[in-house]
């Protein structure tokens, strides 16, 4: 039985990845679960320089999900290259570096710094709802998304995954735009902009007012958008959004995802990624599926 | 203590309404709760002629919510005027008729038929994700939304509430477009397009493939969009989206909603609207709020 | 519209009567008093991630004891949650819902398949006529003794482990059963076959249908079935299974 | 990084020790063995609508019995859920998390306010020095007897119903307490006042902070506080309360 998939030319031992921002660079989870069992780790977003992120509260729980407004706090590419990449390189799993920036040159600088690094894929975050410049400004406009894609592709030595925002009218249009601009893959969905108000204090629950909604609450929206993107583009899709169990991951795969990122669920159970991979294996055995690739986009 | 609000010139005894499509025309719930305790009933959408709606399955449960793809089945305006309006007119509550159509002339015809009827407000559904023509085709394009608003305003004898879709990049732009076209109010959010796949049967859970996601899962998105719309327009806002309790309703009011519609929660408890109204009253007593209008848009 | 209530019921007892098939007796304030054979109730989950009430047919009614019996199969997380409840625990219930079976005093044939069998038990207890009961199972049987106390029972199993090998209609043919009225509940393929049989033999037939439901009271139009004539309420060729049904004259519906 | 485990714990007993304040003893496989004063655990809700684990400080540790005591206030639906659990029930726990208090053998002043009091109990039990304990409450007191068994206890209540009317620092001033080291946990306004007091008197002070958390292990960067110097891990002036904290040298953090 084969659980391996090919993501933009990179082979993954299984389709389960960790979603950016929920797993650090793996070190914090390393003693709670086995990183070697992951198809890959998608790191917390890294910029060309350190970012302080947003003020607190940065987190609010909501029904069936959570809001976050971290604001892409990160130590900058230098520390990341010195500390995080060598740590991850010790494990038998793929390294996908999530890249964030405030301007095209920020993104390009990070991609250039990573060119000679033992990194398998780049995931470009153009869909963070919690930063003013960069982030979602690129993610809600197909032309801007295409431009940033071209600029990064011009310097990147690894395959480039463009991470798309669900906060758009037409996700298929966004996917087509980055595909036409040379993206090797897309990942979707990033969080959906949400808000929580503390009715007793009569103020926003998050210092940033709005935050990104993640968790099972958004899963049906992720399945729909992965399906729409899969009908619109030929490049592979990394599906994510509220995956809590093997069935959720399989829904995204059947809708057209080649790989699946698990995010918020890591907070509910640090071993969830392994349980999801085991669950997919069981499903394949029970359903007589020889090769997981038979399932990719099998529901049309 | 005052719980009454003024919605586009119509006074409501309290801000709680029933969301269109979840409450029929009230008759089915009349023996389970007291319709007189509602600020108003927003009826199931009605068109100029009967609609058969979509094939089944039309319903799928998802984590913290549900998907529906009813497809606006309705008996048509003639039956509605003969049967549903007289039934509702017996109660001491406002009557808000939700209007749907496939073309501008469909909407206009219904608005004209209702002109001499004992109806307090019209809510125009330009955001149903489950019908091909009409519905969301108008709801995702500001120009189309403005055109249909003007056409209906030209014939409507009651204040017109335009019901907006959350499946857009910029909800504020949509709200401004219908305000400029003469809308007396907006209501948001309608359901978010979602999908569920049965992984064992490897097919879509809904015959329509996609359906509208409702329930507490979407509440934080509703709060954010109501807030964004409230910052963008002067006309009153009917807030809805996953309201399950008084706190949820208060969040929408504090974000800028003048009234709140309760939808999916009716399925979890047929008396939920009364419990929400009681909960708001308790909150006002505990917090020393004399007039609920003090709370509308109080968080900025 | 039928009188219905939304109330807290108390679990009198619950047991697994076959693999993943549970029998739950509930004490209710009002529902037992009103319940008729073929009607159903909806049960509400406690877990906040599951919002929609689960429709479950009424298997038996003890009006004196104000209690109803539900026999259900674990079909997902919601019914799995119910199966973990213990005696004395409360749960929210709404009902009785739907129309139920008409009770005619004619030579009756009751055809039940799988988890469609339970609603026929209260019916057979209340029917005052000659009763022939055919129960179809995949393999494991349940409720057979209760039915045998009410009339002649024939059994069909798909694997042939008990009674006739095959389905309920194979029994009807094999035993040459005839009737003036048929009451049926079971999976759609069985109901289609029963309708066809009824048409061929010109027998009045009542079947109970199921569909994904949301409100359970006729408001949301989620659980419709196709009807042969325009429905008086919807004014289109759709009938609400939760309200006009779940029991329909076979010829009324397009299945 | 401190060793931590994700395990199923069993509730030994639980009781309400003051209005909405619960004391829960948990039997754990590994956590009790490793737990240090000032560390915390996260508890996972069963209800699917609540996803995030709840951080709760460790009040007492019985390593021989492999058990830990948690004393928490009902602050929302999650803690309300925990308060309904009974002896013998299981719940998911992760821990021990965070750094905990350093144990110095110097004349100590322990300052606890409200629900910030519990983590000081295990600390006072393990400190081997002169201990002055000041506990501040709004009105209702709890855990006082346990602290009195470990050292001299002074009480402050906002309503003056017991001990000094006012807060913990009012007691320190009124009684003229002095110390070489201060350990404090409580609401932010109290901690700000304690930091100011410590700076004025040049006393080494350790405070325990709290913030909304998601992962609890330092991965998500949700629960940071502002630090006076650039942090060695984050390389910005943010420290992770769940990892570099929850206990900080008062001068390290900008509160």
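List of remarks:
Residue numbering begins at 1 within each chain, and the chains themselves are lettered A, B, C and D in the order written.
Methods note: a contact is a pair of C-beta atoms (placed from the backbone, for glycine too) under 8 Å apart; a residue touches a chain by one contact, two chains touch by 3 or more.
All of these numbers come straight from a predicted model, not from anything done at the bench.
Most remote chain with respect to chain A, judged by CA-atom centres, is C.
A separation of 46 Å divides the Cα centre of chain B from that of chain D. Distance between chain centres (mean CA atoms), chain C to chain D: 56 Å.
A separation of 35 Å divides the Cα centre of chain A from that of chain D. Along chain B, residues 63-65, 216 each make contact with two or more other chains. Residues of chain C in contact with at least two other chains: 48-50. Taken pairwise by the contact criterion, the protein chains are fully connected, each one touching every other. Chain contact summary for the complex, chain B toward chain C: residues 21-24, 27-29, 31-32, 44, 50-53, 56-61, 63-66, 68, 70, 73, 75-76, 79, 215-216, 264, 266-271. Put simply, chain A touches chain C in their complex at residues 63-64, 216. Those residues of chain C that touch chain D in the complex are listed here as 46-50. Residues of chain D touching chain B in their complex: 48-49.
If you check the complex, the residues on chain C that touch chain B are 1, 3-6, 44, 48-53, 92, 94, 211-225, 233-238, 243.
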